[in-house]
Amino acid sequence: MRRAMNIVPGPGARVLLAMLPFALLVFIYILGSAERRAVNPDDKLLPPISEMASTITRMATEPDRRTGTLVLWADTGASLQRLGLGLGFATLTGLVIGLALGMLPLVRAGFAPLVAVLSMIPPMALLPILFIVFGLGELSKVVLIVIGIAPFLVRDLAMSVGAIPIEQMVKAQTLGASTWQTVLRVALPQAMPRLLEALRLSIGPAFLFLISAEAIAAENGLGYRIFLVRRYLAMDVIIPYVAWITLLAYVLDLALAKIARGAFPWAYVGERR
Amino acid sequence: MRRAMNIVPGPGARVLLAMLPFALLVFIYILGSAERRAVNPDDKLLPPISEMASTITRMATEPDRRTGTLVLWADTGASLQRLGLGLGFATLTGLVIGLALGMLPLVRAGFAPLVAVLSMIPPMALLPILFIVFGLGELSKVVLIVIGIAPFLVRDLAMSVGAIPIEQMVKAQTLGASTWQTVLRVALPQAMPRLLEALRLSIGPAFLFLISAEAIAAENGLGYRIFLVRRYLAMDVIIPYVAWITLLAYVLDLALAKIARGAFPWAYVGERR
Amino acid sequence: MSAIKVRDVWVEYGDQIVLESVNIDIASGAFVSVVGPSGCGKSTFLRMVLGQDRPTRGTLTLDGAPLPAEPGPDRGVVFQRYSVFPHLTVLGNVLASYEFAESPFLAKLFGARRRSALEKAKLLVDGVGLGPHANKYPSALSGGQQQRLAIAQALAKEPKVLLLDEPFGALDPGTRTQMHQLIKPLWREHGMTVIMVTHDLKEAFGLGTRLIALDKKRIDPQEPNRFGAHITYDLDLTRDGPVPVLGFSRPLDGGPSATSSSVRDGADLSARSNP
Amino acid sequence: MSAIKVRDVWVEYGDQIVLESVNIDIASGAFVSVVGPSGCGKSTFLRMVLGQDRPTRGTLTLDGAPLPAEPGPDRGVVFQRYSVFPHLTVLGNVLASYEFAESPFLAKLFGARRRSALEKAKLLVDGVGLGPHANKYPSALSGGQQQRLAIAQALAKEPKVLLLDEPFGALDPGTRTQMHQLIKPLWREHGMTVIMVTHDLKEAFGLGTRLIALDKKRIDPQEPNRFGAHITYDLDLTRDGPVPVLGFSRPLDGGPSATSSSVRDGADLSARSNP
Amino acid sequence: EAAPKKDFNIAWTIYVGWMPWAYAADAGIVKKWADKYGITIDVTQINDYVESINQYTAGKFDGVTLTNMDALTIPAAGGVDTTAVIIGDFSNGNDGIVSKTAKTPAELKGQSINLVELSVSHYLLARALETAGLAEKDVKVVNTSDADMVAAFKSADVTTVVTWNPLLAEVEAEPGANKVFNSSQIPGEIIDMLGVNSETLKDNPDFGKALVGIWYETLALIADPGEKGKEVRAELGKLSGTDLAGYDAQLAATKMFFTPAEAVAFTKSAALPKTMDLVSSFSFEHGLLGDGAKSKDAVGMAFPGGVTLGSPDNVKLRFDDSFMAMAADGKL
């Protein structure tokens, strides 16, 4: 009998195992939906899958009468653009400030407490001020995402730069590297994989902030749609939309994982997956 | 001239540097507030600090007319209790599932995709279902915090357990350790500091979810108060409350950092701070 | 009993063939020194006997049964790169060996059993000369101190098979001799089978009952990774007789007796200057 | 010119005194072998000369000026625990040495300058025998291969002072001799000052122009960390003459000539069996 | 003083009585009237009602759609002098109390009631309790976000909610839900209007005229009993997340002032100051007028014909029928 920690499933078993919990979840949903429908044929909370499918197909294929767009795709496009911008700026911020904090003791002394404090401010509570400062347009939505996830990225990156063995920093200096060169050639490349991992962990929160921003002021977007139909408890729209968001986020997550492994193979050689 | 990366400020300079940006922020606020007041003497958006101080002092010392409690403390107590429960359960979940995912390839194959997908679901969008399952009371608030941060803790922990050098796992086995013993004596203790770090990073999000939950249905709590008084743009309450939340979160963060360094000194010997 | 049979074992990493058709029978209780040029696959060979890696082809058996494909307490190891537990003190690292065996559930000992295990652990820690550092974490140890800790940890289990990957590489001659004196009686008393990789020929000859050399048999200059290493020399050191020259990949013409005597001299040196 | 003066240097870690009143003048162009028991503070001493750590008390000067308290390109190093860059391939690791110097802003070379740097890097990589592994990442290298990479990297800068911490510890005798043959001409040509920590006395005598031994002068059995190490022996190896026995902390009675001859033998052995 | 502006912003939120702004903007009616007066008007939809008022109060918008109570407690109490240029409708059943247990307001005693605290729902509850001789301390109020009200009512531990349409209709449709009280029992007290910054309006009367022009042209289309009106209402229904039937149902519970004359009459009526007196009492009792407020009269209000309420030195909320009157008289 091998130890449990040494039992590695084959590729086939792996796929099967991965499907299992999802199948179970869907099964439970179907049961729950059927039960609620049996009690109240008009139940809106857990619509059957067929109903959700037809609703979402309509939203994806029939142009909206008023705007002439395909609602699902228009929402997705608008949201993804905001998300992309938000993630992009947040990454840039995280990279620049994180590297500075991680590498320069002076900067760390001056700004680490500030970043720690800023990361604790619940951005949602200060939304009125955000909207005043950044307007109600796209900017404030992007800014909310940036404010929401950048502190995490900054702190995580500073931490991982700080964890690079001191021997490597010393080695770089003995090879004649300046601070800037050390940042560029030693700290940055070694921080990149961890940055991508942190970015992966940020996708969920980023969507959360996006949806919150869209719920307050927007004319389109996935979050806008969810909050629009929420007052009617139109779960036949909400559940597919949430599933769609989850799928998008998951694909993004997977893509980042693949990119990280492709671009930084050295960081994953020891990986026991 | 030393390299920037080698210039380490002394303890005194460190404190000064840390204060600087905060002082600057306060200064900017005072300017902005004065300017708005000059235009509209009743302006509510950026009340002067004196006004906020008197408001918050009143909330902290004078019993509320309606409920007879000291509002600030009652809110803080209620919120901290929810937060504590939420963080506690989330940590437990993160620990158990994270260790299982990190150590057991079989479990990883079966549940890693599920956890990845679950971590992407924006919990706020599925609140209706949460309400039905967990009711509208304290439970659903705690559950929202757990759902909000547990996936991050799980994934982060699984990652850090996966990063323990394979040599150590092999070594433990050659010393006769079973899977359970390896988890208990090799993986768990080495994951603990990282768990505490992850927990520190989760405090911000936890407060965010707490506030969101309290905004949706509550009779007290810091988030409740903020969203209640938002109805009449009482920034003289909101800003001190946000500052108070930030302070609480920061103190919690600091406490966790101290605990981690006290309990796991070996994990911080190489620390270059 | 712990006899190891290796049959036609190949190890490949992608394109690179590391080990090529390795065959060897190791008798129970043998002390096998393994030498060979840097990067020829010595550590790889040990990893395979350990059960950490599996060969691309071929079989390994332990006492006739297929070698368990996972590490176990029957095979102890000292890795080339120190692999002590960073979260345990020196004493804790050694103590863990006893705790795993005696406390299946908590892997922690308490009361009298802890005291007795602590005593054994302390003896070992003193034995490797780390007594004054017993409560330090590994990160505060020098390179050689870490290596000695790993040795103490592996010895605590008194395994049937002990795999050592350059265990004394970072030690000064004096400390090295101390370690030899620590390990030799243990090996003799418990009838352990020891496989030790070393770069020190004195040591290889001085400790081993058998010496094997791993090396590439052919080198294709265009494709250096095309051919793997296998066993090029296999000497029984218990019998007296001429010893061939070990000049990896490029055998020399130098007389065997001359080399052998100078090797013996070297071994003597370390023994003499560190009693 | 690169003469190093160490004056009354103490190093303490909390309660533990590691180095105690170390004094030494190292002439420019010297090759100093440092020996001493495991954990006595050899690596600590090198870290101080490197500028990575600062002494608790005492001063270090380089050519009369206070030693810069930060590492720089004038002092190269090979650490005891391999410290190559894990994110660069073997070639990239060596190339980086040139890129830092020649491209201040991007620290990356392009076009002709890159090609010429690549050529120099390739020569060095071949020189340490890693040609076939030029495109591997360090994690896919054996222990000895990583050490050789670190040596190539340090040599690329041709620093004024070269600090080596057991650079050849994980190498087989053949590869070790190759490394000696690589480093010796470089040292001679460039007039580098080399400080090398080693546990191999043959090597210490064979390469060095001077040998110093670090050791504790007194040991308090109750408080083993109470006394630090200082320089117990300091031999000029360029002059002919009797060589004392090196039995750390416990000097022996063995005649000096006997030891010296066997050491010479040992040095000869490695030279002879690996031409 | 400020130079005459040319560009104006107004914000609106999705609610049955304010949906005409969506149609007006889409169909070009806004542009038509703005062009006529040589100005531009941006009509922005905000999803979060409170946020839209906050933004107006902070000066980001020149006008916003809001209720009479919120106009008093947010911009007016915040020192932003606000004029109600358009009185659009009053709630006539659009707000209501629904319970799984109670059938009359008297039975609410001791109940835990979910509602958006400090909103018109809260006011409605206070008025309902009054009719049964109860006070707010006889019940337990749980603040609940409007977006989650429907889901909350489905939760077993929620028995009573106070809310508005379209949420009200959803909640009422739940099996076992009783209508306890609704705004048709206090007609004319919950008023939906368009508030505009008084100073901006004073400096730019054309802005007010354009707004009124837009409004009544749009209302005429919506009121159209024929196919055209149906089409417009269906679209507005869709925009607010429902359909024609849903929108018509909400409209039925709203007393829309389709003609300017009706609105003028309502604004001039003596009932309005009385209503506002009730509202300011409620607001003061709940601390909505701010810390500085020593009495319910802290914030002054002005009505047509020189009638004022509260502090005459601090008039911050003005009900102005002059622009609607211009529309009624065809003088735009």
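Note that the chains are named A, B, C, D and E in the order they appear, and that numbering of residues resets to 1 at the start of each chain.
What we mean here is this: contacts are C-beta pairs under 8 Å (C-beta built on N, C-alpha and C of every residue); 3 or more make two chains touch, one makes a residue touch a chain.
In this text the structure is predicted, and so the values were computed from the model without any measurement.
Enquirer: State which chains count as neighbours of chain A and simultaneously of chain E.
Expert: Shared contacts of chain A and chain E: B.
Enquirer: If you count the contact pairs for each chain pair, which pair has the most?
Expert: A-B
Enquirer: Compute the centre of every chain as the mean of its C-alpha atoms, then state which one is farthest from the centre of chain D.
Expert: Centre of mass proxy via C-alpha means gives E as farthest from chain D.
Enquirer: With chain centres taken as the means of their Cα atoms, state the distance from chain B to chain D in Å.
Expert: Once rounded, the distance between the two centres reads 48 Å.
Enquirer: Can you give the whole-Å distance between the Cα centres of chain B and chain E?
Expert: Centre separation, chain B to chain E: 38 Å.
Enquirer: Touching two or more other chains, which residues of chain A qualify?
Expert: Chain A, residues with two or more chain partners: 3, 45, 128, 132, 165-166, 173, 178, 230, 233, 270.
Enquirer: Touching two or more other chains, which residues of chain D qualify?
Expert: 70, 81, 140
Enquirer: In chain E, what residues contact two or more other chains?
Expert: 54, 58, 148, 150-151, 154
Enquirer: Can you name every chain pair that touches?
Expert: Here the touching pairs of chains are A-B, A-C, A-D, A-E, B-C, B-D, B-E, C-D.
Enquirer: Within the complex, which stretch of chain C touches chain A?
Expert: Listed in rising order, the residues are 68-70.
Enquirer: Using the touch definition from the top, list the residues of chain A that touch chain B in their complex.
Expert: Residues in contact with chain B: 3-5, 7-9, 13-14, 17-18, 20-22, 45-46, 103-106, 108-114, 116-117, 119-126, 128-129, 132, 151-152, 155-156, 159, 162-163, 165-166, 169, 173, 178-179, 182-183, 197, 201, 203-205, 207-208, 211-212, 223, 226, 230, 233, 235, 238-239, 241-242, 245-246, 249-250, 253, 270-273.
Enquirer: Mind listing the chain A positions that touch chain E in their complex?
Expert: Within the complex, chain A contacts chain E at residues 40, 42, 45, 65-66, 127-128, 131-132, 135-136, 214-219, 224, 227-234.
Enquirer: What part of chain A is in contact with chain C in the complex they form?
Expert: 2-3, 6
Enquirer: Within their complex, state which residues of chain E touch chain A.
Expert: Within the complex, chain E touches chain A at residues 14, 26, 44-48, 51, 54-55, 58-60, 146-151, 154, 166-167, 170, 173, 175, 235, 238-242, 246.
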